[in-house]
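You will see two complexes here that share subunit A, one where it goes with subunit B and one where it goes with subunit C.
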Partner chain A sequence: MPDGRIPQIGVVFPRTDALTKVSGEEKFAADYYGQDLVWAGVKRAGIPHARLKSLDVDQARQVPGVIAVLTHLDIPGENRQGVVRKDQPVLVDDKVRHAGDALALVLAESKPALAAALNSIRCELEPLPGVFDPEQALAEGAPLVHEDNPEGNLLLKAEVKTGETESVWEECAAVIEACFETPHQEHCFLETESGWAKVESNGKIVIVASTQTPFRDRTEVAQVLGRDHTGIRVIAPYAGGAFGGKDGITVQSLLGLAALHSQGRPVKMWWDREESFSAGTKRHPARMYYRLGAKADGTLHAVEVRLYLDTGPYDHLGGAVMTQAVEHSGGPYRIPHAWLRGWAVYTNNPIGGAFRGFGVAQVTAAMEQMMDLLAAKLDLDPVQIRLKNAVRRGDKNCVGVTLTGSAGLSECLEKMAAHPRWQERQTWIRAAGLLKRRGVGLAAVMQAVGYGPFVPDVANAKVELTLEGKIRVYSGVVDMGQGNAATNLQIAGSILSQTPAQMELILPDTDRTLPSGSASASRCTYTFGNALIGAAQALKERILQRSADLLMAAGPDELVLVSGLVRRVTTGQEIPLAVLAKWLTDAERIAVYRFRAPVAQERPAKDDQVRLHGLPHCIFSYGAHLAMVEVDELTGAVEVKGYLAITDSGRVLNPQTYEQQIHGGIVQGLGYALSEDFRVTDGLIQTSDLATYIIPTAMDVPDMLSIPVEINEPTGPFGLKGVGEVAMNGPLPAVANAVAAACGGRCYSFPLTSERVLQLMTAS
Partner chain B sequence: MKINFILNGREIELTVPSDIRVVDLLREELDLTGTKESCGSGECGACTILVDGQSRLSCLMLAAQLQGREVTTIEGLAGNEGRHPVQEAFVQAGAVQCGFCTPGMVLAAVDLLGHRPDPSRAEIREGLSGNLCRCTGYQKIVDAVEMAVHREKG
Partner chain C sequence: MREVFLPRTLDELWDLLHRRPEAAIYAGGTDVLVKLRAGLITASGLICLERIQELKGVRDQGDEVYIGAATTHRTLLADPVIQEHFPILIQALNVLGSPPIRNMGTIGGNLVTASPAGDTLPPLYVLDAEVEVRWGDGAKRLPLSQFILGPGKTSLGPGQLLTGVRLRKSADYNVHHFEKVGQRKALAIAIVSLAAVLQVSDSGRIEKARLAWGSVGPTVIRSVEVESALEGRIISRDTLTKAAALAQTAVSPIDDIRAGEAYRRTVAGNLLLRLINYAR
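Here is the complex of A and B:
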């Protein structure tokens, strides 16, 4: 263990998982092999839209070393899956709807045999005209992605209207109109989609997967296999990164199916990077039309937004992402008149899905540039115009929800205004070298915490006093790298006064831990932490009460819990926890507690579908970001020289894990802003590897400064709010505002590659 | 074919297919899954191992290239000492998140410090630029390498 001390809240507690990860011992899903391993792989379509005429797998079945070749005909249950709308086939049965669609599943003795068999599958595909732009997809006569969808290519529309929509624009002293486009973003987790499965002797299918959603996966796999969910067990080890890209089924259903045909042998599937790019989900590309108006003093008066999100051929979580984008599209501001609309649209492009920020990264990119455009037009200071309009506790936000929780945006902005990096920016800008231009840009950010009003945002925590006298914590929510598993030990350890050595951790496992929802939505420690506090306190009370009885003390007040034992402070008597455990029944050694996150009571959208998809939320994290950039006049290359993020995500439990989330979010955001130029032409990915899709390296990013504004969130565990996503939303607009300041003009399409910036400088 | 090499301090002799990649040999035949694969084409550094003390990408090497060499994987880095100073610094500095890049990153850092015992932050960034990490934003990794240097100095 990294530290022999009892963990406390608010101080650095080195992550326990770091020990096994740094030594190479930690077993990720990708690290499962085993005796008699069978390799499973998928034949992908390779074209974006086509009718499946026939599939000839006979030759593939003859390849030496092939165990089985399976098609949609072999699926025992329902061949459609999806988190909200079930519109994605496990194996194509009628139509190919994007190039990464799966046609057949092969099981083989070895990787070479697998590759040979996949190559010898013959498929007759009749190409269909495709649709690759969300607005064109909504036009009359556009090719249909799902002929059976009554709304054509529209997956979901969301609309929120507050105040007036018509006369308000004349009341504005300044009105800005603009359209912004943001691209796909690929998650690029280092552990590509992977898993391992086996049918146990009792008939149960065990699936070990790199996933954010083991409990939901179990239900989905059960439906595909036509079984009861009790016949399936999903185990979720530490994931090697996920960021939303493992929120939902990747390999799980295919592996479950494969396991049914492997004669009891373990089966492994591990997508390579190219397959991860083609079959995995991405951040939705967005086209965003904005109109924003303010009074002469900078008071925001009206906003009108139209968002088009390209969800590819399947819902996945596209409806929910778009709804969340609409909810955040007016920014963290008070705006009395707002008309916010969004469309999630089917196309034949790669699949859009959850990605850190969940729609908010896109709209923040647009809205925060609108704020700078407006500030420039009214000749106002960019910090001051944001501060003037920032939502405060008790205000209504842009969808009309009264903010009852903590709201620290003003505090973040005030700190920003006073910070030397902002105060002394002109000096820094003037110090630009020869053929360099410098600029400093800002962005205000926010991110909702949790699922919203409809889908129960629930966690069930379980804590056990083992017979060996250890405290065992059952993590219900996956740790995909964010460190919540270690945070669970920190929380339980601090309540039960146990050192890490006295504790054990069980990672999410549908047979052992309790359902607690997905690792997503900035909810992991907020929701599960609240449940865990309840469970740990219940266990503590029981331990103290039973010890008091055993020691014939008047009551538990005479007793304290310290690491490994209970001490009666009035007499000095001690009971080791291992001894106490033997006096308890099995049921008494376990405490469970359920927590459901609070929900907003307002109903800003008339359509119940919008509510079902998550609008509105009631708890938000906030922040103010600053980027310092230097542009090369000859090449157009943008270098980020400094970055500052001031964040209100409530109280900080572990400053180190907290900063990890801020740093990671910023750098993922800097990639989104500058280098991650995901290119798709007519449904075919042109950037299909890490040589052509460029994520930041250690050399591309600056040292960052993160300052927490620790406002207590009354509903949070120890006052915390989620911090996993909020930092992702700032870099694109902050960098764009800085580049605009440096270049005297603005790009409206992203990322800001050197070609785009060079063109901009030539034009302006 | 038969090959002999030293793996994590122990001489071994193996019969392997001539076209097997080192990353597969380690992971599938020798159960050393600490060496990760993330791109299979030399772009990410997750598969980094040390060959005769130099960092090498095991996804781009064939087993035959190990003949007579001394190979260190993450599992063998610390020898009998618990944790190598660079591993310890990664833990303490908070340089590990999902951990999938970590073994390769640690070995790349060890190689870097072998060449340059007292690097600047910019030199650390440059030295690790062949290893991608999608979680940390690299700052705490750079901190960890600095921490390892300072602890060594004492």
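Here is the complex of A and C:
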């Protein structure tokens, strides 16, 4: 319901999309149909590694209701796509590299005809030995996923060395070594990958897609179709969840290709859940070898990390995910001697890609357990050891970058130390019932904001005074459910003093809004918000200046902007915005502003490729998490009874949206910690649907408390930093530390299913 | 397109079953629709039981309670007779699926699906439930344990319908305990479950015990051996631990994606230790 108030910064601003979503009025990409709709679908390989000998689609073409059956031979442009390295075929032409690979594209009049045609495609696939473990994939003689890759199965290696590496270990009073393994994680957005496309009468291909990256998609689709990007328009409605799983191409290229063969009819593609599981990207599984050393007082001295990330067969941002993992692998701590290495490795497993946390969820899981192991060995309090080493503003972080931005980890930890959930934990633990054990665990978290030093982290905002006198805000960055579109109205409304009813929102559309990068990397409101402030202020100045001219006022100081009109306070004269708009040229009614996020100047990695993939960052959000768990002695079931997240992501613009991000991150993190046991055997997914892949339900979610530590970030819009990802990183280590405290032992593979925990208790 | 029939009386149903013997029956459809989507049911017609009033509701018949097969879990949960006399069934229904599933799913559907993980099965086994089966011109009554033959298998013949479940009221039991171990707290398929009804004396001695396990065998597992290991003994860790060891040999679980055989076996025994909560 549009609120009658002018939005203000720092107070709850009800989401403008809430009612339209609840009532079903809001149109997601999956809701596009239209007259004469054509259904498009894909034949998937079903085996993880094979040479394509032949593809027989004749029979499929004969199926009644089939409009076209297309193969790689029908691709007019390049049959390779990807954000960094172009290594993924739209339709397989030489080899199948994972079971979800696409072999052929079918267009049909109806879903049953589509299914029948897909079933009648005959493909001759010669199975090849596969490779399913990242370390084995790097070994001599391992089967190659891409024969033409000069580095074998290595996609990218990143290495950062600060200080010394050899002698330092003798200087430590305690050294801990351990290896942790985290699994794939499925995004499980409600709206599976979907889109709709049509060739317009002027020849332009319009694609409506559930995507985080409309502008990048346009370029990629153009290359696949061998056209100029101006011949393609990508529209991105609200996405029904994305979490990184729509950071790049899913259905877009296939839909573009399909539209070229649908005789001007609209085409729709909508993956079902099983297809989403098999073809979509997942969080990279990681094997992480850690060595961490400290002085007797707990001062961290040295860390050595080796990370192996299974990127599957294609570079779906795998190099960038691994690089980000390396950058965060030493945690939010000052560590003078760090040797951090990571390998993103090709395998024939499902595709690893972007997922909320972007490599950080994995390394935080490892590092924060290392901190507890170290604290236990030195007999130190887990909060105190973290506080002692926490990075502060002006410190160098673990990759040697001087932190110039705000850094509130210490404040978060201090608040945690004083909080009743920490203070009174012993009483709570002792109150465990019969056959139950309790533990309280914590984790410190951080998350970089933005793309890093090389890829320009740029947003271009556009704000318009319409002829009707409304303020139209052109959102450059997709709202995938997190609420940034509404935040854009809040920002523009607060600067231009307009109520929501006086404003209009245009969602990302390559023909209407300006390129502003992806909805990812905790950057949406940080980067776009900065641009939007600039554009809104420019429009405000113009409105006041032109009104002053019209009213023959000495200057704009006599004027104020209120909802729907400009008032000259010295005389009481008013000009409705609709009237003013008519005095402006079309160009004058629009203000645009570009913002580029600051970048760190250090070059911690020798290899320029690592810089290109995003290392290092200069702005980070931080947090301290606490989990209260109860373990059942009979079943090993872990129940999270309470959760506390204290977060520094700068100032809070809208407390409600902020809390939703924290809560959502915690829940997704708890699934990762406890139940989301994604299993792949020889490249085949065993947990292929939501009946076997177990995400938390409302019943599994504990009482969650979110407390912001509102430190001003000088470069942020109204002092904010990104909040979309940081909470994702805490639950696994906090829960793991709590379970270890309860059970007196620790699991090193995740998630902590009842079966694993019962085994642990039996062993210890 | 598939035809869906909505008979309103049993007579209409018998007639339909006669005319369309290949059609598939469904009540709430919460199992059938999943199978339809997966292509496991290909019948050209569907017959829905939802509108047949004779198949719905709980009837208190003195010593016995009759539950119509098409009664939803939600209705049973709200029923005062079930609440009073069969609290163990209530406990199981409370953790069956989720609210939407309980609104649609029926007790008859749960029994005919005959999954070893079906949540109403272990309670109904310990309550010695009987089922009523009818066909065009006949009817019979048989113990549930004879009705269910194996995973997904019942003794229903062609043209036969499960019309109801009969439960005898009994004042014997003062402990009614159901526990399900799943992978989460709702929408969880049982990895192991235990239904136990006990008569415990004031001094804490188990006078009578009836136990049944779900998901650790082809059908619900009962064990007279374990029951007798409890009967006559005081509830104690020692007694329960001994019974647990027996239970672990009585069950015959399998490995699947949800849990390993060893885990299921261990936990099937361990769950007995929960009964310590009822020690006097």
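The working rule: the second predicted complex is superposed on the first by the 762 of 764 C-alpha atoms of A that agree within 3 Å, B and C clash if a C-alpha of one lies under 4 Å from a C-alpha of the other, contacts with A are read in each partner's own complex, and residues count from 1 in each chain.
The working rule: a contact is a pair of C-beta atoms (placed from the backbone, for glycine too) under 8 Å apart; a residue touches a chain by one contact, two chains touch by 3 or more.
What you see is a predicted model, and the numbers here were worked out from it, not measured in a lab.
> With the two structures laid over each other on chain A, which partner does A:T697 touch: subunit B (first), subunit C (second), both, or neither?
both
> Which partner does A:L551 contact after superposing on A: first (subunit B), second (subunit C), both, neither?
It touches nothing on subunit B or subunit C.
> With the two complexes superposed on chain A, say which partner A:E755 touches: subunit B (first), subunit C (second), both, or neither.
The second partner, subunit C, only.
> Does subunit B (first) or subunit C (second) touch A:A30, or do both, or does neither?
So A:A30 only meets subunit B here.
> Check the residue A:H663 against both partner chains and state whether it touches subunit B (first), subunit C (second), both, or neither.
Once the two structures are laid over each other on A, A:H663 reaches subunit B alone.
> Could you say whether A:L634 touches subunit B, subunit C, both of them, or neither, answering first, second, both or neither?
second
> Considering only touches as defined above, state whether A:V579 meets subunit B (first), subunit C (second), both or neither.
neither
> Touching A:L435 in the superposition: subunit B (first), subunit C (second), both, neither?
So A:L435 only meets subunit C here.
> Comparing subunit B against subunit C, which has contacts with more of the residues in subunit A?
Larger number of subunit A residues touched: B.
> State which residues of subunit A lie in both footprints, the one left by subunit B and the one left by subunit C.
Residues 691, 696-699 of subunit A touch both subunit B and subunit C.
> Would you pull the subunit A residues touching subunit C in the complex into a rising list?
It comes out as residues 434-435, 634-637, 675, 679, 686-687, 691-692, 694, 696-700, 753-755, 758-759, 762.
> Within the complex, which stretch of subunit B touches subunit A?
Counting only subunit B, the residues touching subunit A are 24, 27-28, 31-41, 43-44, 46, 73-75, 78, 83, 87, 90-92, 94-103, 106, 121, 124-126, 128-142.
> Give every residue of subunit C touching subunit A within the complex, in rising order.
It comes out as residues 98, 181, 183-189, 191, 257-260, 263, 266-267, 270-271, 273-274, 276-277.
> Would you tell me which residues of subunit A are touching subunit B in their complex?
Interface residues on the subunit A side: 2, 12, 14-15, 17-19, 21-28, 30-31, 33, 111, 187-192, 238-243, 272-273, 480-483, 656-657, 659-660, 663-668, 689-691, 695-699, 701, 703-704.
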